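Heads up, the next two complexes both have subunit A, just with different partners, subunit B and then subunit C.
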Partner chain A sequence: MSSHSAFAEAADALAVSVLGALSGTGGAVQLARYVDDAPDTLAALAAVRVLGADVFSPHLLGGDPFQAQDAAVVAKAFDAFPASGAPDEPAVAHRDHATAVLLARLSGDDTLRTVAPAPPEDAALAPRDDWSGWCVLMAQLAPLAALGLDGPVHEAARAGVLSLSRGVSRSILRRDFPTALRLVRWLAWLRHEGAELPLDPDVAAEHAWLVGGTGPRTALDLAIARHFLEQRPGTPPKETARP
Partner chain B sequence: MTTIPEPVTRAARSMADRALSWLHANRNLGGLPPDTTETMADPDSVYKPLGETTLAASLILRDGVAGPGRLAAAQSLMDFTWEQFRHGDMIYERQLRHTLMTDPLEMYAPFVRCGYRHEGLDRLLAHRSRMRSAGSVEVLPNRRLAVANAARIVGLPATEDMGALAAATWLGARPEPWAVNWITAYAVTHTVFHLTDWGADPGGLPPELTDYVRTWLPVWIDVWSEVGQWDLVTELLVVGASLEDPYVRPEDWEAVAALQHEDGLVPRDSDPVDDDPQQRFTDHQHTVVVAAVAGSIALARAGQR
Partner chain C sequence: MLTKEFTLTATPAQTTTLSALMAEPEAAVSDAPLYTPEAAGFLLALLLLSPKEPKEPRGK
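Entry: the complex of A and B
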């Protein structure tokens, strides 16, 4: 019987696999094979849902081909763990929808967008005086800091450069390094778009990782941030999908 | 016109008035021991706190925004500390004995600000200011700013380039804001205090440093409030009130005002406050001084047009 810890272990294992593909050391991620070979299929599907849009990062950033059977696995994961409809979980709804958008785009099957409908307009996304509380939400939405996505969350990030920068500084000072790296990922995405930032995300990322980085999922945030930072600022994505 | 929201002026008034009352009511707990000479084994124990109390009183008198009773209390405090220093003789003797020490000049400056002068010390400081040796003492850049500002207040010839001094500080480098630590945060606050002459000259802080401070002050106030470092938080409030366009968030000011005890004590941190009057004074006098300064500067900025 699958347990919460089995789900967490499976998510970490999948993150290691995605990291390997992203860095070019582990071969392409083959989601279908990952699920087929997993000792606990339900946990493996849960891992696909937990990583969400990040499972596509080797395809988006590295250009790895995306297979039809892998698309089927993501759709199956949504069958096993349906998209959140809870109004008190806006971050989950945005993450689910982003996963669905990328799934549809990479598979070429637009009907797959329906596995997670677009969340309603969310006033909580707008940057506000309570920048630290807003940054908690944006850290939860870090998987949306991905090549090829654009929408209300990204508009909020563009309007919240100062708040995100403050959030990175606050998180490092509070020694909350996973949150720091999630927010650095947003700054890296913004830098890739050509935004001017009040702090250097590269130094902040390296510091947060060296001092307190741990776990494959945090390493994945760092790796994706690095991909953005290593590309020339202002380089437009080849194709952008609007959720 | 400088914009200070009404909730901030209300909190600032409460902080400044009650802090001054506490400093005045407890002033004898901060008096120098009768046998104190110019050569002190531990200048930080009483000598330095007396200077801090003098500073707070001098700024309240300078800003002139307290009510008549409070101004009289501030004047009374100045008279008390001047008396403690034997009308300047002790400061003079300390400078005479220790040529390279800078604390006599810094101790004297708030008195000069309020019209207290010591003829011998004036002559000695003027002589000292011409000595290359005195100007070459190796001190941290933010401390060098403190000395330069004190010299400016005392009226000594300007020998320092304030801009160059500012650039040599940690703040002047506009470094990674997430790398600041507790002691460096105090270096930042003092860099701003001296460059702005305690809020009287906001333009003394170079524009690029003003922008930097304004960008990161909310973060620093947030993290040190979370861990209850109220002395540092209150210094950061002074910094915010001293900017060209003040950064004064009502919630921050109300949080510190709410911490203040009925008698005016402001706790330095979130640890329990001792019941012993002498221990209370020793532990929290600095924070009360900072609260008085913060309140006075915010009220003065609110009154500017």
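Entry: the complex of A and C
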């Protein structure tokens, strides 16, 4: 089996586990156990790097406690696959840094932040006339649409509401539903922040999922987007909203 | 527990694979219907090659 398919399979398996923890149908994500039980340890560590900040979503959104051995596994994944410093891979560098920031915060160990240093200022992040190309970059940066993160990528998302909405429509028309759902996740994050949107992310998410949602990683993007849409600030939780 | 003695380090090729998985481009080819002008000639050929319409029987 090629390393690409092995890594992709491992990332899908980990995404299923994170989804279970997020929806409450499975137990908490135990990264240490996942990596120990995996037949291919390197692929399991690659999966931790691929999902990146998303492995923390049950802890950020659901309040699950974060174990010390899980923090060690994420650090170990950065040992096996050192963080990318290549300037031609801005998406990878920003994702790595976001993972390191959340790892340091959840574990309470600020030295872990150094496993992936902050990428330099990047002009490619600002919304531009070529909105379709910019949306591809933002779709790759979708794991940064998470609670507790803020930085230049988020500033770019706030400035590019119209471009992101156009990107969702374009991806749906191209029938590229994984990209559409990644961009919907940004719109959901923006709505959670209280931004006014020209496109209803609820409807777009439902359509993209019904027509072409496949794969656990895409399902994870959708689950996190729905979490943002259901918990808008200023609206009471569903349980207390009922009379 | 992750206390295996050996240290795992990825090869450069594996690191490249990981980067490709993390920064997936949008789908290169969508399966949406596309306009293909060449198909017109094919349809015309089918029309010309099709058998003639049956005629009404005469002189019953």
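Here is the rule we use: the second predicted complex is superposed on the first by the 230 of 243 C-alpha atoms of A that agree within 3 Å, B and C clash if a C-alpha of one lies under 4 Å from a C-alpha of the other, contacts with A are read in each partner's own complex, and residues count from 1 in each chain.
We take it that contacts are C-beta pairs under 8 Å (C-beta built on N, C-alpha and C of every residue); 3 or more make two chains touch, one makes a residue touch a chain.
Because the structure is predicted, anything quoted here is derived from the model rather than measured.
Q: Thinking of the overlay built on chain A, is A:69 touched by subunit B (first), by subunit C (second), by both, or by neither?
A: Touch partner of A:69: subunit C, not subunit B.
Q: Who does A:35 touch here: subunit B (first), subunit C (second), both, or neither?
A: Touch status of A:35: second partner only.
Q: Can A:173 be said to touch subunit B (first), subunit C (second), both, or neither?
A: After superposition on chain A, A:173 lies in contact with both partners, subunit B and subunit C.
Q: Mind working out whether A:203 is in touch with subunit B, subunit C, both or neither, as first, second, both or neither?
A: So A:203 only meets subunit B here.
Q: Looking at A:80 after the superposition, I want to know if it touches subunit B, subunit C, both of them or none. Which is it: first, second, both, neither?
A: Only subunit C is touched by A:80; subunit B is not.
Q: A:131 contacts which: subunit B (first), subunit C (second), both, neither?
A: first
Q: What's your read, subunit B or subunit C touching more residues of subunit A?
A: C
Q: Could you say whether A:95 touches subunit B, subunit C, both of them, or neither, answering first, second, both or neither?
A: A:95 contacts subunit C only, not subunit B.
Q: Name the residues of subunit A shared by its contacts with subunit B and its contacts with subunit C.
A: Residues 173-174 of subunit A touch both subunit B and subunit C.
Q: Can you list the residues on subunit A that touch subunit B in the complex?
A: So the residues of subunit A in touch with subunit B come to 131-132, 162, 165-166, 168-170, 172-174, 180, 198-200, 203-204, 207.
Q: Inside the complex, what are the residues of subunit A that reach subunit C?
A: Result: residues 3-4, 7-8, 11, 32, 35-36, 41-42, 45-46, 49-50, 52, 69, 72-73, 76, 79-82, 84, 86, 89, 91-92, 95, 136, 139-140, 171, 173-176, 178-179 of subunit A touch subunit C.
Q: Can you tell me which positions in subunit C touch subunit A when the two form their complex?
A: 1-2, 4, 7-10, 13-15, 17-27, 30-32
Q: Residues of subunit B touching subunit A in their complex?
A: Going through subunit B, the ones touching subunit A are 176-180, 215-216, 218-220, 222-223, 226.
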